[in-house]
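Listed after this line are the structures, all set down as C-alpha cells.
You will see two complexes here that share subunit A, one where it goes with subunit B and one where it goes with subunit C.
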Partner chain A sequence: MRWNLVYSIVVIVVLGIIWIFPVYSLILGSIKSLSEVMNTPIYVPPKQVDLTTIAEVANELKIPLANTAIVVIPVAVLSTIFGMLAAYAIIRRQSKISDTLMLLVAIATYTPYQALLVPFVQIVRSFGLYNTLPGIALGFLIYYTPMAALLMVIFMSVIPRDLIEAAVVDGAGEFSIFRRVVLPVLGPGIVSTLIFILIVSWNNFFIPLILTRGYNKFITLKIFSYVGQSGTFYNRMFAAALVGSLPPLIIFIFLGRYFMKGLMALGTGTKA
Partner chain B sequence: MQMSLKKFFIFFLPALIFGALLYYGVFWNIYIALTNYSLLHPVPEFTGLYSFMVLFNDYEFQMAFERTMLWVAVLVVLGNIMGLLIATAIFQLESPRLRNALTAFFVYPMSLSMIVVGIMWRWIFDPYKGIDVILKGLGIGSIDWLTGYNAFWSLSLVSVWVYAGFSAMLYLAAFYNVDRSIIESAMVDGADTFTIMTRIVIPNSRQGLLISTIFLALFAIQMFALPYAVLFLNPFTETMVMYVYNKFVSQYFFLASAAAIIIIVVSAFIVIPYAMYGLKKWIVRR
Partner chain C sequence: MVDVRLRGLVKRFGKTIALRGIDLDIRDGEFIVLLGPSGCGKTTTLRIIAGLEKPDEGRVLFGEKDVTYLPPKDRNVSMVFQSYAVWPHMKVRDNIAFPLKIRGVPQEEIDKRVKWAAELLQIDELLDRYPHQLSGGQRQRVAVARAIVIEPDVLLMDEPLSNLDALLRVKMRSELKKLQRRIGVTTIYVTHDQVEAMTMGDRIAVMNAGKIQQVGTPEEIYLKPANTFVAGFVGSPQMNFFDATVKLDGEKLLDAGEFTISLTGDLAAALKDYNNKTVIVGIRPEYMYPRELAPKNMIGPEIKGVIDFVEALGSDTIIHLKVGNKHLVIKISGSHHYRIGEELTVIFGLDKIHIFDKNTGRAII
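Let's turn to the complex of A and B:
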C-alpha cells in the first residue's frame, strides 16, 4: 500500500475515534440504568438498555422543544425570504448605495452579536417583548436577516446576467423576473440558507439567555438547566442533551450538504 | 437595465429594518460606553471616556482580555494544524463521495449546540467517570482537566475539536482549486505524493490558511456558551463576552458596553479587510 494512504487512514481513524467518542458516550450514557450510572464511566456500554430516563426527560422537554420550533422555523423562513428580496435588489442595481448597503450587510454578518447584549435587551424590551417567544424571534431576526442577505447575494451572484437581462428586455416587471427567472434556479441556495439558519438558531444559547427568564422558553436553556440540578446523574444530563440535539443532528445527517454549502459560502464568499 | 431606486428600496426594506436595528445597537453601545449608566446611575450622564479608564484598570477585564487573546492564539494555531492534517488525509482518498462524507463527519461538532458540547466534554474530563479512568488504568495517572488554570487549556482544546473540521473544509476547497496541470507535470517529473503535497498543494493553498485563520479568530473572540456550560462563571475561564454578560447582570451597563466596544473593534480589525475583499469579488462578478 502507498504511504500516503497509510497516513490518510491512520489520521482518519485516530482522529475519527476522538471525533465520535463524545457522541458515542452521550448516547450510551442516556440509555443506562441508575445503578450503572453510579458505578461505570461514561464510555462503558450498558449491560441492559434502559429507556426510562430518556422517556422521562423527553417528557420534560416537550414544552421547550415546542417553543423552540415555534421560534426557529418562522425565523429561518422569514430571514431567508427577507434576505432573498434584499439580495435581489443588490444584484439588480449597481450603484454607490447598493454597494454601501452590501458592505454594511457583510460587516453586520460577521459582527459578534454577543457584543450587542445590552442594546438587544433594550430593543426587545422597548417593543414590550422581553421574556416572550416573539422577543427571542426578534433577537434572532436582527442578527440572522443580514446573514441570510449575504448568503443569498453569494448564491444569486452565479445566476447568468443574460437570463435576467432577457426578461427585462421582454418588459417583465421586477416581481415577475424575480418569480419566474431567479426563484426557479435558486432552489439549492434557498435550502442552504434555510437549513443553515435553522441549525444555528436552534443551537443558539446566548440570545434566549439574555432575552428571557427561566428555562422553558428555549431548548438550549432547558438543557443547561440539567447541568445544575442533576448532580452526578449524568444519564439525565445526557438524555436532555441528546433529545434536544436530535432535530439539528437529524437535519445535519440527511441535509448536511446544504449546511456545509452555507458554511462554505460564509467562509469563502463564493458558491462552492 | 437597472432596477429603479424606488423598487430597490421596496425589495430591500425588510432586511433594512432588521439591519438598521443591528446598527442602532452598535451605536447605542457607543453612546452607553460614553456615560456612567449603571444601577447607581439609572439616568445616564455623559462622562466621556471615563468608562474605558475604569475598564482598562479593572483586573477582571484585563484577565478576560488576555485569556480571550490566548484563546484566539490556541484556536488559530491548533485549529489550522488539525484542519490541515485532516484535509491532507481526506485529500489522499480517491472517491469524491467518501471525501464529502468524511468532511461532513469532521464538521459535525458545529451542528451541535455549544451547551451540548460542554456537557459531553464536562463528563469526559470527569475524574471518576471520564477518560481519567482509562489513563489511570494505563498507569499514566489522572489529569485534573478542569482544576484551576488547566480548565482554560482543556476547554480551548475542546474548541479546537469543534472547529477543526471547518478549517479542514476550507483547506480542502483550496486544495481542489490548485491547478491540476501543475500537479500532473510534477508527477511526470517523478515527484512523489509527499513532495507534491508539501511543495505544490499546500503552498498554493494560502487562501485556505487566510480564511481559516480569520474565522477561527472570530469564533474564539465570541466564546461564551462552552465555558459557561462547563464551569459557569469560573474566573479561570472568563472570556471577554462573559465579562460583558457579568457586567450586564450586575447592572454595570457602561462597563458592559465599553467591553462590547472593545470586542467589536478587535473583530472589526479582523473582519473589515475580509469583507472589503469579498465585496470586490461580488461586485466584479455581477
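Let's turn to the complex of A and C:
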C-alpha cells in the first residue's frame, strides 16, 4: 500500500517536471538578457534577474491583448449559448434529423481549419469584415460553435432523463424545462465549455492570421511578430509569450475548479 | 379522478416489439399494479399513459376522452419516478410547487397546497432543505408530494420503492397505500416485486413479453393463476411444476412418474379432452408438507425425495428436495431441523393442485 503511494508520487512528480519545463524555460528566457539567452542553456537560471524586457513587452502588448479579449470573450459566450441551444434540441428530439445534425456537428468540429481557409476568408469578406475584430470573431464563431454544441451534447446527455421527463409530465413547456431544469443542473458543463472555448480561441493563431493583415489585432500574431527577419529577440519573444499566456492561465487558475467539476459530472452522470 | 381504458396498445422500438396489444380497464379510484419481469413492457405502458411515449397502435382513454396523442400537460397526470427525479437545485418547497407554478396557480393557493401535500407526506419540516440534505426515503416523499399536489386525475408510479432499503420499503408500502385510499386518486403502479403488488394493489395486471397475462385481485392471481407464467411468477418460492400424462382408459389417473393422482369427479371431467396427453401439474411449495407435519386426515399423493438444501428463515423453513432428476421445493411454517441427504416423504392435498395445458400454458383447472 505504502509502496503504491510512493510509486504514484514519483510518477506524478516526473510528469509534473515534464509538463512544467516549457513554462519554466519561458519564465527564465523572459528574465534573461538577450546575450544570456543566446549563450546559456535554456534551463540555466540567469545571473541577474532582468524584468525590464517583460515590462517593455507588456507595454507593447496592451493593444493586442485588449483586442484579443474583445474578440474571445463574446465568442466564448455566444458559442456556448448557441451550442447549448443546439445541444438541447438534439437531446430532446431523438430522431433521424437530430442524429444527422449530430453527425454534422462532429464533422464540423473535427475538420481542420486549414481545410476551410478559402471559405472562411470568402465568408468574412462577403460580410465586409476582413481585417476587423468582428471578422475574427465571426471566424471563431463559425469554427467553435459546433465544438461547443458537441461538448454541450456530452454534458447534457449525462443529465438523468427522469429529471427532464418529470418536468414534462408536470406540464412544463420546452422553454420552461430548459430554463428551470436543464440550465441550473448544467452549471459546471456551461463553465467548462466557456473556459475551453475561451482558451482555445485565445491560443488560436491560424484564424486571425488568415482573416487579418498586420500583427496588432490578435495576441498570437503579435507574439509571432517578435520573430524578426533580421534576427530574433528571443528574450522579447519569451516575454511576449509569457505575458500573452497569462490571461488564459489566470482564468484557468480561478475557474479551473468548475472546469474539473464539469468533467467529473461526466463520469458520475449527475450534477457535480 | 377518472377511469382509464387501454385499447389494443402496440409499441415498437425498432425491431423490438415492446407491447403486443394491451387491453386494460382501470376503474375510477382504483390502485392497479402492473407486475412483471424486466422488459415485459410495464414501464412502456405507464409511459404511454403518461404521454411520454406514443403508441404505434391503440388508444388511451381517460373517461370518455381519447388522450392517446395529447401531450402530458393536457392529461392532468402526475408521475413518481424510480429515481425520484427530485430537482437537485430546487428546495423541497420549490420542487413540490413546480407543477403548480407551471399551471399558473396564484402564490397564495400554491402555499396552501404545498403545505397540504407536505403535511400529508410528513415532510413539512423539510420544506427549506435541498434534496442533497435528504435521505432516500425523504426524497421519495418529496417526489410523491410533488405528484399529488396538483390533485391529478391519474397518479403513475414507476417502481418508486425499489431504491429504498428493505425496512423502509415495507413502511412506505403501507403508507403509499393509505395515502392513495385517503385521496382516492386512480393509481397505476409499476413493479417487478410481487410482494409490493400483492400488498398494495386492489387489482394486479401481470405482464410478460408485451402482453397482459392476467388481471385480477391479489387473491385471484395467487389462487387461480391463468397460466404457467403467472403461476410461476407470483409466489415465493416458485410453484413446483411436473409433467404428467392423463390416462382415462381403465383406471383414471394422472401419471407424473414420481407420483400418480386418481382422477375423479371434476378432475376427470376437466381433463376429458386430454386422454394420453401430457399436462403440467403445479403445486405451490407452501401446500406441500413433510408427512409428519401434514394436517390431520390429509389424503393425497406422496412424493419421496432426498433433501438437497435447507433454508432456515426463522419464520419459515424452505426445503429443496431431489426427486429423481427433478427438483422440488417445499415451504413449511416455523423452524424445523432437517439434514441434507436425509430422505423425506412429502404429501399434498388435491384441492391445491393446478393443471395447465402443456402447449398453451393455460390453466385447465
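Please note the rule applied: the second predicted complex is superposed on the first by the 216 of 272 C-alpha atoms of A that agree within 3 Å, B and C clash if a C-alpha of one lies under 4 Å from a C-alpha of the other, contacts with A are read in each partner's own complex, and residues count from 1 in each chain.
In this section, a contact is a pair of C-beta atoms (placed from the backbone, for glycine too) under 8 Å apart; a residue touches a chain by one contact, two chains touch by 3 or more.
Every value quoted in this text rests on a predicted model; they were computed, and no experiment measured them.
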item: Partner chain(s) touched by A:Pro188 [first = subunit B, second = subunit C, both, neither]; value: neither
item: Touched partner set for A:Pro45, first subunit B, second subunit C, both or neither; value: neither
item: Partner chain in contact with A:Gly214 - subunit B first, subunit C second, else both or neither; value: neither
item: Touching partner for A:Phe120 - first (subunit B), second (subunit C), both, neither; value: first
item: Which superposed partner A:Ser176 touches (first subunit B, second subunit C, both, neither); value: second
item: Subunit B or subunit C, by number of subunit A residues touched; value: B
item: Contacts of A:Val168 with subunit B and subunit C, given as first, second, both or neither; value: both
item: First (subunit B), second (subunit C), both or neither touched by A:Leu26; value: first
item: Contact residues of subunit A, present in both the subunit B and the subunit C interface; value: 165, 168, 270
item: Subunit C residues touching subunit A - in the complex, by the definition given at the top; value: 50-52, 72-73, 77-79, 81-85, 87-90, 98-99, 102-103, 146, 150, 156
item: Residues on subunit A engaged by subunit B in the complex (per definition of touch); value: 2-5, 7-8, 11-12, 15-16, 18-19, 21-23, 25-26, 29, 40-43, 81-83, 85-86, 88-95, 97-99, 101-108, 110-112, 114-123, 141-143, 145-146, 148-149, 153-154, 157-158, 161, 165, 168, 174, 199, 202-206, 210, 220, 223-224, 226-227, 232, 234, 237-238, 241, 244-245, 248-249, 251-252, 256-257, 259-260, 263-264, 267-270, 272
item: Of all residues in subunit B, those that touch subunit A in their complex; value: 1-3, 5, 7-9, 11-12, 14-16, 18-19, 21-26, 28-29, 32, 82, 85-86, 88-90, 92-93, 100, 102-124, 126, 128-131, 133-134, 161, 165-166, 169-170, 173, 193-194, 197, 207, 211-212, 215, 218, 221-222, 224-225, 228-229, 241, 244-245, 248, 253, 256-257, 260-261, 263-264, 267-268, 271-272, 274-279, 281-283, 285-286
item: Of all residues in subunit A, those that touch subunit C in their complex; value: 160, 162-163, 165-173, 176, 180-181, 184-185, 270-271
